[in-house]
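There are two complexes below, and they share chain A, which is joined by chain B in the first and by chain C in the second.
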Partner chain A sequence: MTPNLRFWLGAALLALVLFLSLRLLGNDYAYFAGYFVLQYVVLASAWNILGGYAGYVNFGAAGFMAAGAYAAIVLRQALGLELLPGILFAALVAGLLGLGTGYLTLRLRGVYFSIATLCLAVVLQTLVVNWDYVGGSRGAYIVHPRDIPPFTSYAEYLFVVMLVLAILAAGIGRAVERSSLGRGLQAIRDNERAAEAVGVPTLRLKLVATTLCGALMGVAGAPLPYYSGYLNPEAAFSLAYAVNAIAMPLIGGAGTWAGPVIGAVLLASLQQAATVTISSALNLWIVGWMLVIFVALAPKGILGWFRRRP
Partner chain B sequence: MSTDVLLHAKGVGKSFGGFTALAEIDIDLRPGERLGLIGPNGSGKSTFVNCISGDFAQHEGTVTLAGHSLNGLKPHRRARLGLARTFQLPQPFNSLSVLENVRVPLLFSGHAADATERAMACLEQVEMADKAQKLPKELTQVEQRRLELARAIALNPRLLIADEAMAGLSNAEVDQIIALLFKLNQAGAAIIMIEHIMRAVTAFSERLVVFVAGRKIADGIPRDVLALEEVEGAYLGKQ
Partner chain C sequence: MQNITRRDFGRLAMAAAVGGAGVSAGVFPAMAQGANPIRIGFSMSLSGGLAGNGRAALAAQQIWAADVNAKGGLLGRPVQLVFYDDQTNGGQVPGIYTKLLDVDKVDIVTSPYATAMIAPAMPVVMQRQMCFVTILGAGVNTTFKYNRHFNMNVVGDNMKETFAKGFLDIADTLATKPRSIAILAVDNDFAQRAAESARFLARQRNIRVVYDRSYPPSTVDFTPTLRAVQAARPDLIYIASYPPDSNGILRAASELRISAQMFGGGMVGPQLAAFQAQLGPILNNLVNWDIFSIEPTMNYPGVSDFLTKYRAVAAREQTDVLGNYIPPYAYAQMQVVEQAVTRVGKIDQGLMAADMHSQVFDTIIGPVTFAASGEWAHERNLYCQFQGITDGNLERYKSPGAKVILYPPSLKSGTLRTPYGTPA
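Take a look at the complex of A and B:
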């Protein structure tokens, strides 16, 4: 069995076990909690492509995610199309946004690039707040069908959609890691000047990475209005997305496909548990402390900790 | 321009603000030639190299490699035309193993299918095959220099620019690097050696160019060039 086949079969089996376990629970909350965790698997895997492999820290994750969410809303308003076409449209819109952002900003490096991506999110939020068609600052409502056969509830449907997206995102991250693109991005992260000198087309690879990263972040955001039934700019551009998108890969192990998955499952589960038991106000507090602990004790994340050389 | 010219630099000039770092540099290099480029600190050697390799855009003049104009080309496009360089300080990809460091240029030069085999062959040429799985930080200084050379060899270069590839090495290590450069030269690559270690430059170069204050003041066989009064005065400190 080839490693690729083993990965996809393993992922499909894991997905099936998850799905059946939640169905046995028979509780919509479990689906919503699962969705919450899985959306971060997609978001963290997306961030990792540019931030983890190429070393370009994107502070604008919330902007790309919101672009995906609002793309789905626009498609629904304009053509009446539901979630699945909305996800594809979100990937297209956020991917193009990533390409454009990359073209304008990738000549910047380090903190300058990061600030530029942060600015993008601010600009997008200002646009959305002043765009009545998508509800402006009031927000937009999405009334979704009660059931989508053969699923037992809309929550289950959303969970399955996000489960598939999470597996795809992890698979794309893994494919990038094992490809020439991944090696080129790693070379860029380590030493961009040397990479260029040995024939790596650095700008082109970075543009591919920003496009892919943007598209996946958009995909993570597209189901958001369907999940909550209502979306306003404050929620769509929430700081929590930007912080989590960075913290999760760093805690799991940036620059590996599995790191963001581990980090997202760990951090999002903790936040979900805190939301239920104490308060959602604790979420960023938890992320902050986890980051401090990992930066001090395991700067290469959980995977880096286990892979340490003697 | 003669057809047996590999590198043709004509009237190359570079300024940083009001400071002229290079002015009116003309250099032709034949295929397989070994050129030593010397000059005191700040004389423009590295600026010239950076103009040739594409790190800097020259403000004036033209540069061609094997008949292809390099003007405006990105460094990676120049690398694909057969121009390789090493850096004053070794610049490995620190998170990648030695083998992966050498695979990177092969992945982007049409050799992705057999990149591992080719990379191992390059490492064998620099006697580093046994270090293939190590990380660059685990290598000694001279091994890092060898890794840089292996990465350059992977580009199958027509021209290699070795920018102070021996800085900080012991005499024995300098000899090792010179031997490697000779081997690479015998395989057909022209080499420009920029070096402060005069023993290495004179042992290796068949032609010597001297820069002072951004201008070329001498060009010829090493013995003749080093005997010139201007060179002695400017470079060796005699009045």
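Take a look at the complex of A and C:
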């Protein structure tokens, strides 16, 4: 059995076990909590393609995610198409946005690139706030059907959709890591000038990475309006998405496909648990402290920490 | 990526198991049932942008629960509030309401504060056919059309034609009829609806709109904006803003010595004690939308007692120390639930909804009836004017006279003073 086949079979099996366990548990809250965690798996995996492999830190994750969410809303308003076509459209829109942004900003490096991505999110938010077709500052309502056979509830359907997307995102991350694209991006991260000198097509690879990163972030955002039933610009462009998209890969281990998955599962589960137990005011506090702790004790994240020991 | 060794995998699995156990224990805590209480669940913004109002609403709801329990409970059972902080993040709300209903198994759900938090709860609540009494939402049910939704808000179900009516009716009483108006609104749902109403009604009355702009919520410097308003020389200035910008606008207006026959509108912020303490005389003659004022015309049975109790706990709970804005409505929201349950005699969501559609509710904010849409059958937008404010002493707001009611006529407690414009 090839490693690739083993990965996809393993992921499918894990997904099946997870799905059956939650169905046995028999309450929708588990699906909502699972959705919350899995959306961050997609987002963190997307961020990792550009930030983890190529070393280009994207502060605009919330912008790309919101672009996906609003793309799904536009498709619904215009053609009445529901979630699945919405996800494809979101991938297209956010991917093109990533490509455009990449072309404009990849001549910037380091902190200048990061600031440019942050600016993109601000520009997008301003556009959305002034675009009445998608609700503008008032927000957009999505009334989804109560049931969607053969699923037991809409929450279960959303969970399954996000589960599939999370597996795809992790699989894409893994494929990038093991391909010449991933090796090229890692060369760019280590020394972009040297990579260029030895023939790595840096601009082309970075454009592919920004497109892929944008498309996956858009995909993470597309189900958001269906999940909450209502989306306004403050919620769609929430700082929490941008912070978590960076923190999760860093804590799990940036530059590896499994790192963002581990970071997202750990951090998002902690946040969800804090929300319904201690106090959700602690959410970003938890993220902040975990970042400080990991940067100080395990700068290569959880995976790096395990690996450095015999 | 290097391959993960079997030993590494074992360590990761152990870490995941330990972490997962901790999380599960936290997410699904064993719920003490005690004496079979009636459990009322909701999310509330206890952190984030709406935390100021969310914490005040929660304090009021806790006072209600204590009052009901002191009287022997509801249907002979104690009342227990089950609530979670939504962080003013709509994305948290569906998960919280699902947990409340599926895991905590609450008997009744009520809403968090304001539209952006209420709307995400609606699909979950509708799925389970729960009766849902919300607080200060704006037009949420226009889309959902859910017949078990009831909103405690004075704006009613035709905000466009009624919200700014009070402001313009008061303007009609000016010695010189106003001929022009400037409208400035923040880019959010409530403010845009308020501005739409002002625009619509001004045109209906042939008042020329000489300035009509929106600004993003992140705006911090209002000097250029207000200079532009000033340059248009309007007779009336109508602002629809949220707390952070209301503060900036009023300070800028004071510094620029802006004057108009009437200044105010739908500003959220001046209703709160923190603003009243900070802004002091800058508030003088401001004519602003409100929902409650401690004037003799609004001295409904129970409201004074409630405010006394609220103010006793407000400092400890770090909420609005006066409680003249959201708290009476949050208490009344729970009174609606209480009266419906008492009349029905059991927890039956359908019967409770039917009761709410058909009955009058006697609350500390006056009698409340709901229209078919779930909004108040009769709007009751107040327009109040701050008068005689010399400093930031909050004691004056504990008795009538500091914030007199000019509209509606049925609740009027003072007469208009003009113009607006205080020295810096």
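Here is the rule we go by: the second predicted complex is superposed on the first by the 308 of 310 C-alpha atoms of A that agree within 3 Å, B and C clash if a C-alpha of one lies under 4 Å from a C-alpha of the other, contacts with A are read in each partner's own complex, and residues count from 1 in each chain.
Assume contacts are C-beta pairs under 8 Å (C-beta built on N, C-alpha and C of every residue); 3 or more make two chains touch, one makes a residue touch a chain.
Because the structure is a prediction, the values reported are computed rather than measured.
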Thinking of the overlay built on chain A, is A:S21 touched by chain B (first), by chain C (second), by both, or by neither? neither
On the A-aligned overlay, A:R189 touches which partner chain: chain B = first, chain C = second, or both, or neither? first
Which partner chains sit in contact with A:A197 here, chain B, chain C, both or neither? Use first/second/both/neither. first
Is the number of chain A residues in contact higher for chain B or for chain C? C
Per the contact definition in the header, classify A:N4: touching chain B only (first), chain C only (second), both, or neither. neither
Intersected contact list for chain A, partners chain B and chain C 255
Listed in rising order, chain A residues that touch chain B in their complex are 180, 183-184, 186-187, 189-191, 193-203, 255
Going by the contact rule at the top, pick out the chain B residues touching chain A in the complex. 53-55, 74-76, 79-80, 84-85, 87, 91-96, 100, 103-105, 107-109, 112, 151-152, 154-155
Spell out the part of chain A that touches chain C in their complex, as residue ranges. 27-29, 31-33, 35-36, 126, 129-130, 136-139, 141, 143-144, 146, 153-155, 177-178, 224, 227-235, 238, 240, 255-258, 262, 265-266, 269-270, 272-281, 283, 302-303, 306-307
Spell out the part of chain C that touches chain A in their complex, as residue ranges. 1-2, 4, 8, 11-12, 15-16, 19-20, 22-23, 26-27, 29, 46-47, 49, 84-87, 89-96, 98-99, 101-103, 115-116, 119-120, 122-124, 126-127, 143-144, 186-189, 191-193, 214, 216-217
